[in-house]
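Note that the chains take the letters A, B and C in the order they are written out, and that residue 1 is the start of every chain.
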Amino acid sequence: MFETRRISYRTLLQILLTILVIPFVFPLVAMIQGSLAGAGWDNYLTVLSVPLLPGFFINSALVAAAVIVIVLACTMAAAFGFSKLHIAGKEIYFWLLLAALTLPGVVLLTPLFATVTRIGAYNTLWAVILPVAALQVPFAVLLSRAFVDGIPDEMIEAARVDGAGMLRVFWSVILPLTRPIIAAVLVLVFISAWNEYLLALLFLQTPEQQTITLVPQFFVGQYNNDQTKVLAAAVLTGLPVVILYICLQRFFERGLAAGALK
Amino acid sequence: MFRIRSRIAQGVVLGVASVLALAGCAGGNNSSSSSDGGSATSGTVNWWSWTPDNDLAAREIAEFNKQYPDIEVIYKKVPIDNYAAVLKPALASDAGPDVYTVNASGSFSGEAFASYAYDLTPDMEKLLGADWKSKVYDGGVKAFTVKDRLVAAEWAKVGAGIMWINKDMFDKYGVKPPTTMAEWESVCKTFRSKDLGCFREGMSGTAGFVVDTLHSIADSTQPDLWSSALAGTAKWTDPGMVQTLETLRTLSKNGILDEGSVGIQQYPDVNNAFLSGKVPMVQMGTWYQQYATVNSLTAALAGAGVPADTPKITIIPIPFPDVAGKGNPSTMYADPDAGHSVNAKSKNRNAAITFALWMGGTKEGQQVVVNNMDSFATLNGITPQFDKIKLVNPTVQQPKLEEVTKRLGEAKDFRSLGMSAQVSQALIDASQAMVNSDKPAAEAAADIQAAADAK
Amino acid sequence: MTTTTTHRPGTATARRSLSRSSRLHRPSGLPWILPAMIVSVGLLYYCIFYTGYISTLEWDGAAPLQENVGLANYAKMVQDSVFWRSLAHTVVFFVATFVVQVALGLVFACLLHSRLYLKTLYKVLIFIPVVLATATVAPVFRQIYAPDGTLNTILRAVGLDALAQPWLASGTMALIIVISVQIWQSTGVVFVLYYAAIGQIEHSIIEAARIDGAGDFRIIASIIWPGVRGTTLAIGILSAIGSLKTFDIPFLITGGGPSYATEFLGTLIYRVSITFSEVGYGAAISIVLLALAIGAAIIINTGGRRGESNV
């Protein structure tokens, strides 16, 4: 991107990057410090020895996986439809979809509870999966549509001239080129699903069903907020997502190469 | 043309159909409550509450199971900030808890959820006799009786109007607990000269601890004015109230109240600062006496993130100083803090009733509650068994704690019962304005009156 | 999948393929968007209509007694000074966060597309704030800005005692702090999106411009910025909606205070619905929020597309 052949310029850019990143790192350092205060690494041990912790972890993973599958399937199809295909009243559907995104969580609780219990999903993971997916889809569609807009129409035309049906166009042309946005949406949706707290608190009654976001609750007493363990729990909860993000870095890169396919 | 129209129509029909289907399905929650309510001595009871903490709940349930081994109680602790939001939809559905704890007032009061509660009067009479009302705290009876139905069985009482001091700090600098404004100023000057805080309070967030401070100042300025204003027989704009607000400003201006109170929260900021020995005085209520015990204080210090060898401070309660200087006695005011409501739709209703009444209506239940030191008993005659409790400094603390118990028994005013959420918020807003701005006290008082009138 | 090598205009083959493609041109996309519509609209539209219905009631959310008061809640809202202040804060919040996040996100994305060292580390550090749940980081920030907190300690240590103040006690500072926490937490998202979008821009164009002698700024202004327009619009819409909905950060750090200096629509709805149990009023504000969000989205989108057609 930037001209980096001259060492002096490269050093300047590196320094600029570092300075810009410092404000982001500072609170993270404070957080790690906070999690080690008092009992030090014992805080982490205490969190890890919360009963049923592996179960919480697995439940969170299941929720996140299910949400990702549902959201990606709906989103990439919808992005393709909105961006490249003909729909009468397209924008109206789009705004309808977006409207679903705008209600704050606290307002959704009562009607969602009625809906979820009526379909018999109370105290099951589906009670969290379905609303989270429903809330993430408009957000993901908005982002993906912009990205798919950037794919040149000629590529699609060329494929169709070759005799490909829309499904094949989608699978073989669109999907490979949208790897970067799929990766981005995947991570962002994963984070939302992984961090979902309010719905998990409302719908998951028994510890066998509960997710990892409810772990800090064990350390929040009525009077006593055991901040050290809450922070330790937060660090542990955040680790899997960071690891996922690092692994997906390659996916971001591959999109660049695919752009050169043309 | 036709194809396009039908496509739009398709979409519209689909949308409307799904909405109608869900609305129609989800609308009616008219299922009748179970007819016989199940057995009274066996079954599973789901208990939701914001209090107590999990370990104390486990102790209480274990004690309960000594008497009723066949009733399984599953406790779900919901953080107090989310409790009302989570309870509302749960009770509206058929899958809500069997027993849910309620407060005397506010967004999760017995009254707020009275429509879901089963009337406990007949079972209470069976347990304690026809004169049961004379055997328990009358405040709880009042708070939890809605339209002649007993919607909750009280089991905890709480009081406020006292302050807590770090006795070690006072002894170290040779100062005595203040009883007047002048003494308070001088005590704070001493502490501040040593780079310590003095009286710290958190006014940020939604918890209204500053309301207690106003209440105490008001009682010192003009007794009974506060309760009259709450009852509507006096106005918040009365001169006594205006003076109360101005006194709060004085506390902040003359070095008594620590700076920045509108930006900090009572929990955890002030709590951690006090318990780790950074601040000598706070205004907390009777629940704070739990930190006179070794166990609770240790847990609190661990939560505050201070090193394990931080010395455990000796805290003692003192009466609120006579800031108005008129010689009016320092008061305490009390509330029923918690009561168990039984969900009328519960399938295990009778077992739920057994549990709900046990905690507040039996000696065993009350003793477990009271021995934890954060709540007082609602059943007459139950006091903490100090021989079973490990205090940090028994010789100094026990007499003071017994004194508070006596004073609490004599408290006649209520702490929050009868105060609407709007008035409480208006009082907090007024306090913030007095401490953080130049707004005239009369104006702030008028705002409180407006909130009281709006109801 | 190979691309065909026809499209030499003027040849018979090209004419035939062109007319064939115009017949196949743009099949219906309706079945493609249906799954998304069913999942989102199906599950959430009941909530929207329910909220709309509740907004015409005076109800505490629990009692069976619901009093229909028509549009009285909306009238109350118009007269509520806290509502207008919340709206003002929302606008300030949106503008500040959008501008700073776009600028920072774009700069980071450009920098990290260049040949620098330790790129993955930087990418991770910028992104970690996104990953952490707000409920767990808010106390950290409260601690940093507390009267005896980290920031003041540092200021005192370097001799800037005069600047040390109770930051959260000042209305203006509290708002700035809330905005800065949001920027801290969301720049990572903007970065990730710009990074993907810039990757879409063809290298050949940039190379050509460089050969022509264009400097870095010129490339950013004339190639990158227009090239990521779609992403910028999407981010704008999401920022607008997010600003309207914002709840966690102000609620957990300042509680909407001091004296409502950091009150937003999200915190107002919570306060009204949960603390005051005025569920009808809260629903009315939510409906207004929904209308404002859609309105903002339409305005941003139309404005953006109009700019596009002018290019």
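Operating definition for what follows: contacts are C-beta pairs under 8 Å (C-beta built on N, C-alpha and C of every residue); 3 or more make two chains touch, one makes a residue touch a chain.
All figures in this text were calculated on a predicted structure; none of them were measured in a lab.
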item: Comparison of A-B and A-C by number of C-beta pairs in contact, larger one; value: A-C
item: Chain separated most widely from chain A, comparing mean CA positions; value: B
item: Approximate Å spacing (C-alpha centroids) for the pair chain A, chain B; value: 38
item: Chain A and chain C: spacing of chain centres that average the CA atoms, whole Å; value: 15
item: Multi-partner residues of chain C (each touching 2 or more other chains); value: 28, 30, 37, 41-43, 45-46, 50, 61, 139, 273-274
item: Numbers and ranges of chain B residues touching at least 2 other chains; value: 7, 11, 15, 22, 26, 85, 88, 92, 268
item: Multi-chain contact residues (two or more partners), chain A; value: 34, 87, 93, 96, 106, 110-112, 114-115, 225, 227
item: Chain A to chain C touching residues, read off their complex; value: 1-4, 10, 13-14, 16-17, 20-21, 23-25, 27-28, 30-31, 34, 70, 73-75, 77-78, 80-82, 84-87, 90, 93, 95-108, 110-112, 114-115, 130-131, 133-135, 137-139, 141-143, 145-147, 149-151, 155, 157-162, 164, 166, 172-173, 180-181, 183-184, 187-188, 191, 195, 197, 213, 216, 225, 227, 230-231, 233-234, 237-238, 241-242, 245-246, 249, 252, 255-256, 259-260, 262
item: Chain C to chain B touching residues, read off their complex; value: 28, 30, 34, 37-38, 41-43, 45-46, 49-50, 60-64, 139, 142, 145-148, 165-170, 174, 254-255, 257-260, 271, 273-277
item: Chain A to chain B touching residues, read off their complex; value: 34, 37-39, 87-89, 93, 96, 106, 109-115, 117-119, 122-123, 198, 201-202, 205-206, 217-229
item: Of chain B, residues touching chain A in the complex; value: 4, 7-8, 11, 15, 22, 25-27, 29, 46, 50-54, 74, 76-80, 82, 85-86, 88-90, 92-95, 267-268, 271-272, 287, 290, 299-308, 374
item: Residue numbers on chain C that touch chain A, as the complex places them; value: 1-4, 6, 17, 20-21, 24, 26-33, 35-37, 39-48, 50-51, 61, 104, 107-108, 110-117, 120, 122-133, 135-137, 139-141, 143-144, 150, 184, 187, 189, 192-193, 195-203, 206, 210, 215-216, 230-231, 233-234, 237-238, 241, 244-245, 247, 265-266, 269-270, 273-274, 282-283, 286, 289-290, 293-294, 297-298
